[in-house]
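In what follows, subunit A forms one complex with subunit B and a second complex with subunit C.
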Partner chain A sequence: MRISARRLVLFAVVLAGTLALSGCWDIKDINHRSLPVVMGVKQIDDTYKVLLLIPDATPSRTDVKIISQSGSTIDEILDKIDRNMENKVDLLHLKVIIFERSVAEKGLSQSVESFMRARDISNKTLTAISVGALEPLFDKLTSSSTSDGTEMYDFFEKNAGWSPEVVQTRIWEVFRSMDSFTRDVVIPTIQPGLSTTIESNGAAVIKNGRMVGVIDSDESLLYNLFKGTGTQGKIEVMNHATVKIVADRLTRSSELKEGQATMKGRLHLKVTVLETVGAPTEAEIKQEIDEQLSARFQSMLRAAQAKEADILGIGQYFRDKLSRENLRQWRTKYYPFMKIEFKVHVIIQDEGLLKMKR
Partner chain B sequence: MKLPAFLESRQAKDSDLFLHSLFLAGESVYLAGYTSLIDLPQSIVMLRQLALNAAGAGKALFDRDSGVGTPMREPSEQEVLDALAAGDALICSQSGDRCLRLIPVGRTLSRALESPTTENVLRGAISAFNEDLDTNVGLIKKHLPSDTLRIRSYSLGQSQRRKTVLLYAEGKIREQLLQSIVQKLETLPDVDIPDLQALSDFFGFPKWALITRYNTSELPQEAAFALEHGKAVLLLDRFPFALVLPSLLSDMFVSQNDRNFPAIIMFSFRLLRVLGVLVNVLLPGLYVALVSVNPEVLRIEIALSIAGSREGVPYPALVETLLLLLILELTLESAIRLPTTIGPTITMVGGIILGQAVVQAKLVSNVLIIILAASTIANFTVIGFQNATALRLGKYLLLVLSAMFGVLGLFVGIVVICAYIGHVNTFGVPYLSRWKAGRRYG
Partner chain C sequence: MDKSRQVIVMFWITHIGLIFFLYPTEIIGSLTAGHWCAVLLGFLIHISMLAVYTKGLSQCAPLNVIDLFQGVGRVFAFAMLLPLAIYFIMIMIITIRAYAEIVTVIFLGNTPLWTIMLLFLAVSTFICLLGIESIFRTGMLVALLFFPFLILVVVLSFQNTDWHYMLPLMDRDAATFAYTLRRPFLKSLFAFVGGFLFLGFIPPHIPFQGRKIVLASLGLIPFFLVSVYVPLLTFGENTASKFPFPFIMAVDTVDVSWLMFDRVTMFFMISMLCFVILFLSLGMWVTLLMIKRGIPVLKDPTACLLLAAVVYSVCLLVPNWSAVERLMWWNTLPRYYAAFIIPLAVFALGARRRRMEAVRP
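Up next, the complex of A and B:
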């Protein structure tokens, strides 16, 4: 096959065009980018302050540094940081965004919207709320960082240090709840630990992007059970025994009669007995689990209903039963008066190494 | 033309030509031939025996049915020279009016059967083709003792006559393929075929093709396997390998030798080769794409460790990769030319240079060395050196596209490569076709 002159010219034009138009000279190599892992947001009056935890990699080891800057919007702050940094700040790998409690109480809407709009921040970035001031938390993260500053990420990461009492909430879930009629979220609260780096003691209830209350760790576990997040490995302490949840399944049904919403929930648990105090029978253990979990669930729901915050997203099950006008009023008209029948059905799959009385 | 006079004048120009006068069956004759090709004493012994036999049967030496040789009737100069160049001997009478062409006892100018030099065999016959055409044909016949085997021989070229043999299995080969090949060969071209590029031109294959249209193999059993599965095999004199037509993608992954292993192991070998091709072609491009364009695809831990290893490297990822690839290609190329005694030294020096010093000098990152070493090793999992070299080029296309467009560029490159190999065909048989004997294509 002979290559004609026309073909050669075409080839040259394509090659030159590709080289000239690709824009590949704007590409920055990975070692010329700063990859913040954690971002902290706090608010002082009307100005925001942003802290970035940036791993600083060298061939032998990785240090961690904290960069902070204040300004009137988060975008402006990031711009300022980028201007002053020797590398390009690249938020692609941002894993966790921590809000100070005061920010959450004033409202997260503005910042969450700007995160969602920013193209380089992943929508699945995790959120957390710092109970105290941000600076001590970040100092703790820096001082206890042994590897590359990913402790905070590992804390929430399912295949690393996550435990079932910790809620995982992504930034898109917060964004979704801000405009939804029937769904609110909880965001885990954290603080620097005494011996560990981080301590989590529950979660904040967020209604329309504003923090209205808190739930504790045990309630966070129930929240996770209700959401269907795998809770295997959880140890449940009672008066007579300690059990480990091996598998869980939730069935629910909803009913709306004469403006009265009713929800039936049935939680099926498979458990392994780890430890007993005294000599309880299987039936006693089953009953105790049912009573304890149901009572805890009811109390969590009462508290949420009082705040009109539908953290479990129960309103979702009534969407096909209510008109759009009524849905708008779900939080005020139906949810606070909703009745829920919650039963826990327990199967003791394994008695462990113990002999138990029938 | 007076033959003895012509031979004498030729002898003045070509000292290799001998003109030996002797008596055969009471007649004084000249024996002519090339010293380098003919074992003279042995040939004279043989001739005397033949002449005695002829005399005993009452036949004259130069008779057609004397059994000594083929009479040549008033041969032209070219005919005489062709006969001599082919290694035959000539006997002509003193007067030069009669002439015989006969096959003498030749010198052994080929090596003995040896094991293959570029294709290792773990299980299976290990004798390989050598330079002698007849030996090669014989080897194939030994491996394929079948009455369906057909052999056609041709002599190609004008100034160099290259003997070429086409083998196929009657009833197995697809008729259209056979016709295309035979038609080409029977045009008996005037162009010489000193190398495979010339052969490729002669068959009308594109000159700038990345993929050779014939698969080469040193192993008789591979050739026999191809024949049995309806492919055509071409043997050229002085080429120690068989050319199998058409070439297919599966030639890269499937070897007849695999069938000497249990089926599961055979399939895992083939899977491994496919993986090897993917690793070889994709890995350098993927590295550049992930390091410079799309680092968000990496997990944070590995992103940080790569960033750490690249700290202080002065060049962008593309230049860094190209630099090290160049050194690797140089190593590969020089390894072919190195005398075997120096080989290990160069391997050691190359290993130290590539493995340690380059990283310590901060010219490249050590992750890149891992990537390129893996890619180079993976390159040679495919069957056939010619396939491995074709793959080596493909990765540069992906590399450049990845450097410009990241992961997207990598995929565009894969599409381009797939489109290219999709259009390749040999005598109408698509390169991507799944070959089965007797099946129709196109």
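Up next, the complex of A and C:
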């Protein structure tokens, strides 16, 4: 009898515990939170300005609002926004961070570091650089008809609107490049489009956290090819034909002789013909793709070498050939003088639904 | 009945729970290239001590470490086991405090530390009170539930790796073993030591074969290497050395669109925490064995609750992360004692016992 009484008390305590301790601590319900999807960062002299794009869901429809605030650090700004808003700002679902071009030119290190340090910002957040001022871009995002705030994310998302000419760069990749000896990064540039919401026209070359140059859309495709992010479905326009890349593989070998770095790259492409102008032969198409891609690759690399920005991470292939001390000087001592032999090997898998002239 | 399987599972759980958080930080902090060398050196120490320990234990088969030492003399037993008890209590304090901090840093930003520590301690005290058999059974259950997640996360964590970061495989620093005397490396050995001492305290009704345990410990090598190399291959040495929890950061970068959860880190964290809670209850059980033998007045529920209370109040006194790291450094000496002296002493006593048995059959 005594035992059962004790058990009863124990049971009561456990029950009270489960009711009181639901596992939530200082919890804020979802309707008391604002979940920004896009963050824009701009800099005017020494003050930062942050714009947040917040979807505002009501039962009938979803609206988008923009909130902006300025201050000396990004955290201070977020604090201010939080203070002034009726809801808690929760950056957990932030998907894209857009930097204004001037911020990127001055250096992203400070802001990227604080994004990495922050607990609530995922290090998978995508980055982009706005070519023009941020405000028109954000206005466009709010005014576009279907706006529920996710366009920007869908634009970059692989299972939504992403296309192979757009580079995907996440915040951790930018952070990695800031300290790396052998690897720089490119961040896609965007601007408000004329008929579409967003338009991408290439990417910015970021060296140690600072923007030093740009590459265009075609070069972005090559960058993606080199990086190995699936470029399937890309349409390559030439004088005589349009082809679609269905599979790609890149083999690389590196060599270092008497301080001269040489890189051999061989791109194997499988393509299918979409359109022909005139009547080119298979051999002509193959040769044209090779010439065009090689030339484009060389010119992109020349430009990057001139800026000493190793966007393709070629230094990675010399890690075993250089000592750590020399690796430190990779960008200045070896990379600008590196030679690259780039060949494209094309297999025309099929010719579409029409036969081609042999 | 041979219960080696349960013991092996428990052995894996306790180690894996310790590997993924602090261990990669220390290894990445101790050298700049050729990390595999440090990992394998640590493992070599681990497996050789494990072999010595299990060999010694099997030679004095039904006795556990306490009985064995007491057979030599009460004073001897007291002198030998006191540092070990201190080591276990220290490691409980450090583990609880460190993992509570990790939990707040990674996902429970608003929850105060004391509740998390209370949760860890309450669950592990409860399991410990139910006895060693239930610890082992829980171990089997937890392993069945969480190993699939763990394997999934480990496989996914290779998503962003770039194998070139593995090069150079060796440099002067790694080849000359200069790192072995550095603080981070000395601290890193905690992952190799904490987990195997419990083998000497298992009661005779849970028989196990030492040889199988040694073989099973080889299965840990991939986990040690993964925990260090995934962050290195994802971020490179320069960047990986900036993170307090490099493996978690590397898992955070994994982007899987077909998974219903945005962060695979969560799966990983939850399974790790279960492993750690089991490790704690095991450590508590071992400590209680020693305490109860040393102070026979203390009986089970009281002793257990008392120990939990002591551990909890010390945990509350640790103010910040650097204090945790300092504690870990202070624990180095007891750790080496536990890692080297105890297995060697057991081995020596076992050898002596066998010799005596050979003389007087």
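Of note:
Criterion: the second predicted complex is superposed on the first by the 332 of 358 C-alpha atoms of A that agree within 3 Å, B and C clash if a C-alpha of one lies under 4 Å from a C-alpha of the other, contacts with A are read in each partner's own complex, and residues count from 1 in each chain.
Keep this in mind: contacts are C-beta pairs under 8 Å (C-beta built on N, C-alpha and C of every residue); 3 or more make two chains touch, one makes a residue touch a chain.
Treat the numbers as computed from the prediction; the structure is a model and nothing was measured.
Shared-chain residue A:Y153: touches subunit B; no touch with subunit C.
In the superposition on chain A, A:N326 makes contact with neither subunit B nor subunit C. Legend: residue contacts after superposition of the two complexes on their common chain; A:Y317 is shown touching subunit C, with no touch to subunit B. In the superposition on chain A, A:F181 contacts subunit C only, with no contact to subunit B. Once the two complexes are overlaid on the shared chain, A:S70 sits clear of subunit B and of subunit C alike.
Touch criterion met: A:D26 reaches subunit C, while subunit B stays clear of it. Contact with subunit B, but none with subunit C, is seen for A:T62 once the two complexes are overlaid on the shared chain. Overlaid on A, the two complexes show subunit B and subunit C touching the same residues of subunit A, namely 27, 122. Those residues of subunit C that touch subunit A in the complex are listed here as 32-33, 105-106, 108-112, 115, 162, 164-165, 167-169, 171, 234-236, 238-239, 242, 249, 252-253, 255, 257, 262-263. Of all residues in subunit A, those touching subunit C in their complex are 25-27, 119-120, 122-124, 157-159, 170, 172, 175-176, 178-181, 183, 313, 316-317, 319-320, 323-324. Considering their complex, residues 206-208, 290-293, 295-296, 300-301, 303-313, 316-317, 403-405 of subunit B touch subunit A. Only residues 1-3, 18, 22-24, 27-31, 33, 35, 37, 55, 57-60, 62, 90, 92-93, 95, 122, 148, 150, 153 of subunit A touch subunit B when the two sit together in their complex.
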